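Pasting the structures here.
Across the two complexes that follow, chain A remains constant while its partner is chain B and subsequently chain C.
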Partner chain A sequence: MVLTPAQRLLRAIAAWAVVLLFAFPIYYWITVSLKLGRDIFAIPPKIFNFEASAKSYEEVFGISLGFEQGIAVLPGGGDFYMAPRLMDSIVIAVCSTALAVVIATLAAYALSRMRFRGQHHFVFWILSTRMMPPVAVAIPMFFIYKDFGLLDTYSGVVLVHALMNMPLAVLLLKSFFDDIPKEIDEAALIDGASRFLVFRKLVLPMAMGGIAATAVLCFIFSWTEFLFALTLTQTGLKTVPVVSSTFVTSTGTAWGNMAALGTAAMLPAFVFILLVQKNLVRGLTLGSVKQ
Partner chain B sequence: MRDSDRKLYLASVTDRYVRGELSRRNFLRDASKLGLGAGALGLTASMPFGARGGLFNTAAAAEIVPDADMMAWLKDVAKPFAGQTIRLATESTPPSNAINQHLKPFFEEATGINVEIEVLPLEQVLQKLTLDVASGLGTYDLYYLDQSWMASFSGDVIDPREKYAANSALAMPNYNFDDFLVPLVDGISMYEDTMVGVPYDIPIFIYMYRKDVYDELGLKVATTMDEFLANAQAIQKAKGPDIYGTTGQMKSGHYSLECDWTAWLWGHGGSIFGPDSKFSGNDDAGLEAMEYWVKLKENMPPGVTSWTWDGQGQSVGQGIAGQVLSWGEFFPSWDNPESSRVSGLMEAAVPPAPNALRTVEQTGFGEIPGVGHQGGSSLAVSKYSKSEDAAWLFAQWATSADTQVFITTLGGGTGPTRTSVYDDARVKANAKPGIPGTTRHLDVVRDTIDNHMGSEPDLPEWAELANDTIPVELGRFFAGEYDSPKAAMDSIADKVDKIVAG
Partner chain C sequence: MASVEYERVGKSFGAVKVMEDISFTISDQKFVVLLGPSGCGKTTLLRMTAGLETISDGEIRIGGKLMNKVHPRDRDIAMVFQNYALYPTLKVFDNIAFSLQVRRQSKEEIKKQVDWAADLLNLTPYLDRYPKELSGGQRQRVAMGRALVRHPQVFLFDEPLSNLDAKLRGQMRYEIRRLHDRLQTTTIYVTHDQIEAMTMADEIVVMRDGEIEQIGTPEEIYDRPANCFVADFIGSPSINFLQGDIQNVAGTPAFHTGSMVLPLPTETVVRTGQKVTCGLRPVDVAVGREGPVKAEVILVESTGAESHLLLAIDGQEIRAVAQGRFRAKPGDTCALSIDPATLHLFDASSEQRIN
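What follows is the complex of A and B.
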């Protein structure tokens, strides 16, 4: 179908309108991080014409960029030096994603290619674990973790995030593997390849887009997870969603600080998605056309 | 020393400390030569990936010189506990933040005890502490206890007065329990005959108003409930909708809504419970309070039903409310020109007098009626703690007069809990308008504590009632789900009485 110039213009306008609609909250959030407290809730809102300051970043990351601050008690009271907390989040999200994806890839391939009694029930059971409200297991997990010495440790939070993401990852990856023709496996097996070789050399490269998409979802779930990260940690480590809550104080919410941390916290997720972007687009469209 | 030399020396000292070539003690000694004091240690200790010369902020560390005798005593008695780690879970309040950010390094340096402070929103503190006492694991050595939780945690802590008397070796000289404001000890710390914790901070309702608006309209500071309403109506009529008559913290289902309600209830001669331990907010005085509140709400910004104290504070800070009865903690932030549009324009006064006031005997569960609703908290030592003595030393230090002076002067804005701190010259020196961390409202805070303070009842179910049952139903009332205040109050009475009866 050939579009007229007017239609093309309309389409471009519509596309930009959608982009702006999605981008505006992010822009506004970033501007909050750059505003002084008196301008954040100004009426009418100051969208462009505000006095920019990096003060919130100074406070959140404990650095000096030249926006002088006097002696002050700041929200979070020392926990606002958030760079280590960003590192905590990165370590936990990356490790839990890697763990979940590795195990889920193997499990999903097995479920896709092998037949065993009760397979459908097994798949349903995997799905059903996602139906349990996390709050129902958070408290028992606290006691278990305390006994096993996993409380307030990286390995503890990585493990729980990986377990939390596993069902979704298995089901997603299974659907991706299902879309890769079994005939490819069969041909290779007839030629003498082992099952693992088929998986590693043939199927895995073809499913890379799906794996990337799954990894992105796992990463984002871990990056934003709050309940377990709160319950199973104390002072040793904290993820960004948990420390963000320290900006909710008895004298009000420090929105500038929260926005500064939120803006900084967007970057690692953004970088991760950029890294897998090429595979991600392929993964998101994989299986969209059934043969 | 020239400023550039000073900076170079500081960078060098810090670099050596970060590399482990300099002990804490020597770092502090060298930093003190630069006039930085031990607060510098707190900064570097908290720096992301360690300190980097020239990047970090040193201003906050200046001018903190703790009482030498107290620190020497701590150093001496804490020797057996050096190397122990104590943990405190606390709400993000001015005292906790000041200690965590600026003051903790002094205690750690003197005692060798490591202090880990977990700062969380209030409801998450409750969740963590509940888990801790339910398990008896002692994951926290110190509890930050809101006054509404006293009954719930009274069996899980060590009575500080008993501890002080029982172990004289660890009893801080001149600690002086009698220095705490008497109403606070009763209202914040006591449950029946047990002192649950040491009074730690005291947010309390005071009357704050825009002096420029009052002067322009010729209004006088209200001394009665009716005058307070009349002032709100006058401001609304003359200045609305740019400036509303008053504002509120009336989010449905949030504790803040319950706080507002109690002030109006007590101010009209009502009480939450009667002497028969039944809910009495639905009696004549309670209904009169609701009628008053409805009229007052007509002079508030439309968003109040979605605001907690955060929205309320922002509304005054943005200059859209002419007066408010709320937490005195807000006052210093409103004087800060960076965070507020009303810097220097606010004044404080004691709450308007109640129309009538019940006595404690006319209420239930130790409720103390008073328009100045207090939301104070205590610092308590957990009886499950494995480092009980170290935690007790910290609790004494954190609530000592000297530490409270620093908490107050560092700009936290919360009211001190000790009489001597209100009189301290360093605190009074900050009583200037238009500066961050002003203390010019503290005389009013003290007067309100002494003469107008209201305290919620003490019963184990109170945390649930105050944080859920009552504010949810009040929220439904303001959302129009009840036909009348009486219908709403009767519904609350039914629910509350069932919960209390078990």
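What follows is the complex of A and C.
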């Protein structure tokens, strides 16, 4: 289809309008993190013409950016210093993603390629574990974790996030493996390869796109998960979504700090997606079989 | 190299029986084609031979050894798939070398074998490429190279040419057959293309609905089809079937349909009055201007070297092939002469051959 210049212009305007519509809240949130208290609620809103300050970042990360340093205290008496909490979030998201993806990849390959009695029921059972609302299991989980000594530990939160991600990851990856022609496995089996070698050397490299996409989903889930991160932790560790809520206190809300933490929290997720995005490109199976 | 024996082989998928009582033997060094329409069980039989499907009943032996429970890798077979199933993340060299690498052969030996196969298949300039950088015909050859380097006892081909265009298919057909003549490895080749079967096979196994209809050399299958199905499946354009009965004309049996009476050779064993289906290959119908049987021309198609005619006799349509250009318009009348020796007679109800 050949577009006239006017149509091309119209299309570009529409595209930019959509991009701006989605990007504006993020931009505004970033400006809040850079504004001083009086500018945050200024009417009309100061979108561009505000006085930029790194004060909120200094307080949240306990660093001096050329201003006078002083670890402030929240209106409610809590702590502003959140750098370790960001680290907690990174450790938990990375570990739970790795755990979920490794196990789900193996499970999905088996479900895609091997036949066993009751397979369909098994797949449904995997999916059904996601049907129960998390809030229904949060309290029992708390007691189980308490008895097993998993409360307030990295492994505890990693485990629960990995478990929450597993069903979706298995089903998603299974569909990616289903897309890879099973004749490739069969050819390799006849060639003398073991199942594991077929998986590791041939199928896994072809499934990298699907694995990357799944990893992104798992990471974002863990990065933003609130309920379990709140109920299964106490003082030892806290994730970013949980501590964000501590900026809301009985005597006021520290908007600037909350925005600073939120802005900083965007970065690891952004970096992670950048790292895996080259694998997101489909077409790795190109040339294997005649479609 | 080895023979392959099938003894009362059957296959069920759950409660559905798709194949029963298949018994035949493929002799050592033979090129055997399993031929039949889609869903006839030919690919299933091949996959059972390869070990990719379990054998529900009966036994399959390769080189005299029972294969029912043997893993595909230990059957000493190599298979070429319809969609090639190349390893997309490996270069052509590694695709061909894969089986040797898995078996931990020395680097020199692997290189020697791959070079040999690449040379045989004209793949040497492409060894450093990925499958996606090759054309369809080249990919097909890589798939064959992968099978060749193993020096297996039996080659299994599952419709390897069906994804190629007509010209390339003709060329690859010739190359595969030439390769077999050179290597003399027992080959089982599955196809639904009767031209491939006729041109390549030492022996054809015609299958339908999980059963064997006929086994024979291409000439036997073409000249003496065992039943209407085989007669219809083999030959292009396909055979004409005329419904009629046997009459006694001056002491000799004759096939009678409409106003046409075709005397049969005296040794033909038929009953007078028997309802029969008469098979008549288009190439056995001689078309001219003068002759005993008159027909009306419906359509003339020229393929260049020959002309395919669609004719009508007493309301029945008949296809005929005339050599060279046959000048006629729809509605013209022409004459046919038919050699009774070329008629194939089948019982009208059982559809089995009777002459």
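In this section, the second predicted complex is superposed on the first by the 269 of 291 C-alpha atoms of A that agree within 3 Å, B and C clash if a C-alpha of one lies under 4 Å from a C-alpha of the other, contacts with A are read in each partner's own complex, and residues count from 1 in each chain.
Assume a residue touches a chain if its C-beta (ideal position, glycine included) is under 8 Å from a C-beta of that chain, and two chains touch if they have at least 3 such contacts.
Note that the structure is predicted; figures quoted are calculated from it, not measured.
Of the two partner chains placed by the overlay, neither chain B nor chain C lies in contact with A:T153.
In the superposition on chain A, contact is made by A:F142 with chain B only, not with chain C. When the two complexes are overlaid on their common chain A, residue A:T129 makes contact with neither chain B nor chain C. Looking at the shared chain after the overlay, A:T224 reaches neither chain B nor chain C.
When the two structures are aligned on the shared chain, A:S175 is found in touch with neither chain B nor chain C.
Once the two complexes are overlaid on chain A, none of the chain A residues touched by chain B in the first is touched by chain C in the second.
Those residues of chain A that touch chain B in the shared complex are 36-38, 40-43, 55, 58, 61-64, 68-79, 81-84, 139, 142-143, 146, 151, 230-231, 234-235, 245-253. Within the complex, the chain A residues that touch chain C are 181, 183-184, 186-193, 197, 202, 205-206, 284-290.
The residues of chain C lying in touch with chain A in their complex are 50-52, 71-73, 75, 77-79, 81-90, 98-99, 102-103, 130-134, 136, 139, 146, 150, 163.
Chain B meets chain A in the complex at residues 42-43, 46-49, 55-57, 59-60, 62-63, 87, 89, 91-94, 96-102, 104, 116-122, 124, 127, 131, 135, 137, 139-140, 203, 309-310, 313-314, 317-318, 320, 327, 329-330, 333, 336-341, 375, 407, 410-413, 436-437.
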